[in-house]
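Input: structures, listed below.
Paired with chain B in one complex and with chain C in the other, chain A is shared by the two complexes that follow.
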Partner chain A sequence: MTLATYMFKNALRNKRRTALTAISLAISLTVVIFLKTILLQMTDPPEPKRPSARFVVRHRVSLTMGLPRSNEQKIREMEGIVDVTPMQWFQGIYKDEKPENWFARFAVDPDSFFRVYDNLKPASEEQFQAFRKTRTGCLVGRKLEERYGFKIGDTITIRGDIFDANPELKVVGFYDVTDDQPMNDWLVFQIKYLDEMLGETTRVSSFFALADSPQRLETLLPAIEERFRNSDAEVKAETEKAFQMSFLEMMGNVTGLINTLVTVVVFAVLLIAASTMALTIKERTREVATLKALGFSRGHILGLVVGEGIIVSTIGGLLGIGGSYVVLPRPGLLAACAAGAIVAIIIGVLMMAISFILEMKQDSKVRFIASKYGAIIAICIGVVITGLLVATMPTLDWLSMSGGYVMAMNVRPQTGLLGLGITVVVGVFSSFWPAFQASRMSVLDGLRKVD
Partner chain B sequence: MPLPLKYNVRHVARRWKTTSMTILAIALVVAIFICMLALSNGITHAFRISGEPRNVIVLRSGSNAETNSAVERTVYDIAKVLPGIARDKDGNALVTAETINIATLPKKTGGGGNASIRGFGPMSMAMRPQIKLVAGRMPDPALHELIVGSGAAERFANTEIGDEIKLVKSKWKIVGRFEAENSAFSSELWGDVDRLNLEFDRTVYSSLLMQADSIEARDALIKAFKDDQRLSKLEGQPEAGYYEKQTAQTAKPIEFLGMLISIIMAIGAVFAAMNAMYASISSRAWEISTLRVIGFSRFSIILSFCLESLFVGFIGGVIGALLALPINGVTTGTTSWSTFSELAFAFRITPSLVLGGIVFASLIGVIGGFLPAIQASRIAIVDGLKGEG
Partner chain C sequence: MGQVGFDQGENTISHLHQNLGYEKSSPFGSLLEMAIVAQTTHVSKVYKLAAAEVVALDEVNIVVNEGDFLALMGPSGSGKSTLLHLIAGIDRPSSGTCSVLNFNLGTMSESELAKWRNQYVGFVFQSFNLVPVLSALENVELPLLLTGLSSSKRKAQAKTALELVGLADRMDHTPRQLSGGQQQRIAIARAIATDPQLILCDEPTGNLDSVSADAVLEIFHTLNTQLGKTIIMVTHDPHAARAAKEVRYLEKGKLLPAGEKPKDW
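Now for the complex of A and B:
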């Protein structure tokens, strides 16, 4: 028997204990990966394929104050500008105020909108022309089509909250997001229609514009701010990314909150693993003493115990990281698994109770089944329920479950690596102290010990 | 006959080295639970303005926040003579027109934040007894002067008395500071309504606040707004209710996240407690068998071990609550999306939250101890006494 086999056999000797420790590590890692994925998604959205030369011009004082529409021409005349488009955040309420019915709605100018957003493409030229020509027409992003099942010809009524207007919009087509920008699925309708409903040329919350190169922005942004200084609407010009980040900043110290949570969770799981390792080694005091008596060195003992800790944590770590990759992007599956697990645990406990009660009554046959096969029956029922739920449950998505805060959960490689790092750290640190103590113990004390 | 509790307590104390790690793990889970709920508690509290229940706020129908609302000047004069409006001792109608403006101000931590600037009228303070000027003086309506709420003063730079801040066109001087029981008002800056309207180039008010004679008169007032042709574009609602409605969007996601993480981590802690109990029981087989021989029933063994585990969980809960306690009162901020402005609030640990945390921890203990306890009750007496357990 090699030392490696010895470590493996030891790690799996108390299967229940190893399983419990590994699963609690797996669960905690899933939490860590879940939190880190949310954080990365918010602080570090996927980079556009080409560096973006798109930027935002808005009122210096706040987004709630509008800019006059005549600014469009003034911005257009500046050097290095390719195109400008007015965008008015309409907000409004679709159906009701529930988070799952929340999506972004903008009033836009059809022609310049698609020139500035060169990453958005109308599904076809006909649909684009229909959008231009239909006064009350609207285009919706492909993801919204999937979520709400909008079809061409549908009427969407939006109740205005910021504006005293309730547009009735006709879906004339869809658009695709050609890069993987997560936040570009909106409903867009003609700003002319908004003007008409309000009876005036409305001010707009922002102008989005495209410069001829990303490098140009360094000089262009200050130049635009200077252009409007001391006018009745001073502006702030910033890159699209900075604009998006300002919303994250508004939410408060999210980064601090999530990183603190992650640290505490890791520390908790370290304690859980360490307490198990300490128990394990304590129970094996005599064995360790025997090994030493046989001539194993301190280093050997240390290595054997730490190795065992790493094996246990690796089992849990791989389970957690693999599970996160499979389950986190699919909230439906996650919910189904959780429900299945809960049912399995309840049935398992019931089986235990049955076998316990019947044991007292000496009713052997049912008791035999319950105690021998109880766990298997519970697990089978759990799996079946999970399967049934996956098959029948309506698709859940993170967006509606989180009240609009989480778009999607795609675990990134660096998050997986972090999980792996935590696994190793937990493996080493949880077992080091018990290992150290075991290696220092005198043979005599160990052999004498009666537990 | 149940086993005496002392037996369990002594056992926990005897194996304190391994138990303390389990206890600490449970404590951390409970600390997360309490802190996250204290966070959402703080936000909820900020929207509970504990104000005068007879106050009615009037907004443009369809708008769900003062920020989006518009109320014409003429409405102010109509409202003043509506039946059921309360009057102060000088006979002035308790009606005030206010505006909310959003301005980006530099924050103390760097960067900019959206501050709510409320334009208020002569009656505004009298109608909100919970708001108290604590330093300086009230602004002069003829001058560019502001008073700052305690929450806003903590978050935004240059908000000491005597400082000046630029809003849209001109500089405004801070002349006083007020407190509003940590409610949403304390995140605001207040100035004269007409002067602020000039600054922000607006001709209409955001809202109208009215105080009724009584709760019944309040409801009649709300109905009057519904029925009056001249006021058909407006809608009245109790002021307190209006603020409470805004909680959901801001506090719910945090509550959801907090509960989710706590429950998932609780499963991990249950497993830790289980491991510890299993180990403890397997090393006590001899003892348990002895207890059985003396005459303790299986049921009392189960009860005793469940209680022992509950005790471990309970201590974890108490330590967790102690760990979380220092965060009580720490102020932080987020954005209230319905008003699109900074909301300062303080983590808020209430006695019921501490109790909830301890119950949560005790549950972790009991659930973790249940299966090991059953196993303990099933140890065959003969084997146990042989020392083979």
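Now for the complex of A and C:
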């Protein structure tokens, strides 16, 4: 036996308590990692693997204030510009307003769109030509094809909400994404069709343009803004990443809100763990006094108790961090697990209540089952419900569930490290005060409590 | 007295010394000079409770020599446990000096006292105080974790101590799987695992039936007579006290002269 073995045995002495503490930490860590991952996805979306020379030109004041279509030519004429394409965010409603039916819809110019978005490729030249030539034609990303089972010839009706138009679009083909950018669930249709429905050449929400190199953007973006200064539509030229950030700004101080939530969750779990450790050590007053009588110093006692706290928190931490890596990228699995956990908790509480209510009836079979097997029954039902939901639930993705704000929920290394940091902090700080008190307790006081 | 398994006798006893491979210097220098194990000089202990002062020990002078087996007796509140705690270094006197194994305990810090106890003193409690999640062997090994011995040597030492108390065949049992008497024998094995010179016992038979108590006293007798351990035992039990070589009585915090008993005893 070593001191580490002794710590492990102490940590697992009351298995139920340790399991509950570890699970509460695991759930809290999952919440923290979930929130931090969302925040990172919104504030620091993944960089494309190769630097992008694509950028956005929009109205200086707001996206909702469009830019005149004539700006396209003015931008095109600037030095360093390779191509420009107008893009109008159509939004609209497909089927209903449920999040699972949300996807991005753009009115575009077919030729320049695929030149500027050189990472998007129509499935075939025939489909591209069909898109160019069909007034009401549309191309859809592969992910939409998978989600809805769209086939060529299908009609997609979008009810306009921003615009007073309800385009009836004919699927003429699909496109593929050739890099890691999450753009495979867009629907694009001809901007001419939108103009036709509205009876005018619409202003566009933005122009997307391609510079001759990513390095060019440093000088080109201010130059474009300068070019349109004092015009009737002053512009803001920015990188795609900065463009995405601007959506976050529209949501207010999300960063502050999420960080506050994270702090509250960490503090709550710290209190739970500290309370558990304090109770655990209080129950062992006699044992601590005995150890000191045997020659264990204050430092030894402090180390043993803090070590025990770290072991318990590490169990919970690994569960939470590992679980987050598995569950968070899969919203369907996450929802199923959450539902299963809630059902398990409700059944567990019910079992405890039954056990408590029937406490006086010692011979009650119901009480016996509830008290002895309540936790196992609750966990089993929770697992079954999770399994059933996973099997029957439609495929969900973060992009549609978040209304376009979160593209994916891949836990990043720094978030995992944050989880580890919280694990250590909870382990050390939850046990430090009980450990400090135990280390300072006089041997005599400890022994007297019993003897 | 019950048979508690000293069949391996001399071999087991010599192993306990041989197995202790870590550096443990004798506080006496030369064994030939060893005579006084514990000595208190004008030791008093006063507890302050609100406005009142309770004198637990009053000017106690006692000398315990090497190889003694001393029983401390007296009515409740007479100060016998307090005296034991002062000699063990787990309490400090209000006045006077307490010298044990040539260490002046009054000058030692908490951590020095802890290390000293681990090396030189074995403690046996009334309620055994074994760690429930550890096996008998692991419980005995517990004080050895602080000695710097290798894992194999610790295990060997703990096994030897268990053999000495006749429970080598129960080394994998947890305290719950053992009777009270067996648990106390494990506690004794734990106390002698570091081969201390002084063993302090606080009512070691108080929670035991007579058969188990006899077995425990038999072990103390062997530790004292064959291993030369000095034993100081606090007890209420006259039968237990008879196992000691000498019995001293305390009354109202005062140590009575040798051979003198409190009134009504």
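By definition in this document, the second predicted complex is superposed on the first by the 376 of 451 C-alpha atoms of A that agree within 3 Å, B and C clash if a C-alpha of one lies under 4 Å from a C-alpha of the other, contacts with A are read in each partner's own complex, and residues count from 1 in each chain.
Convention: a residue touches a chain if its C-beta (ideal position, glycine included) is under 8 Å from a C-beta of that chain, and two chains touch if they have at least 3 such contacts.
Predicted model, so just to flag it, every value in this text is computed and none were measured.
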Superposition on chain A - do chain B and chain C clash or fit: fit
First, second, both or neither for A:356, with chain B first and chain C second: first
Chain A: partner with more touched residues, chain B or chain C: B
Partner chain in contact with A:6 - chain B first, chain C second, else both or neither: second
First (chain B), second (chain C), both or neither touched by A:28: first
Which of chain B and chain C A:299 touches, first, second, both or neither: second
First, second, both or neither for A:417, with chain B first and chain C second: neither
Superposed model, angle subtended at chain A by chain C and chain B (C-alpha, nearest 10 degrees): 100
First, second, both or neither for A:393, with chain B first and chain C second: neither
Which of chain B and chain C A:64 touches, first, second, both or neither: first
Gap in Å between nearest CA atoms once chain C and chain B share a frame through chain A: 12
Contacts on chain A seen with chain B and repeated with chain C across the two complexes: 451
Touching residues (chain side chain B, partner chain A) in the complex: 17-18, 21-22, 24-25, 28-29, 31-32, 39, 60, 62-65, 67-68, 70, 101-104, 111-114, 167-168, 200-201, 233, 249, 252-253, 256, 261, 264-265, 267-269, 271-272, 274-276, 278-279, 282-283, 298, 332-335, 340, 342, 370-371, 374, 377-378
In the complex, chain C residues that touch chain A: 85, 88, 90-91, 110-111, 114-119, 123, 125-127, 129, 131-134, 137-138, 141-143, 145-146, 151, 154, 190, 194, 202
In the complex, chain A residues that touch chain B: 16-17, 20-21, 23-25, 27-28, 30-31, 35, 60-65, 93, 97, 99, 159-162, 164, 166, 232, 246, 249-253, 257, 261, 264-265, 267-269, 271-272, 274-276, 278-279, 282-283, 349, 352-353, 356, 359-360, 402-403, 405, 451
Chain C-touching residues of chain A, taken from the complex the two chains share: 1-3, 5-6, 9-10, 12-13, 286-287, 290-300, 442-444, 447, 450-451
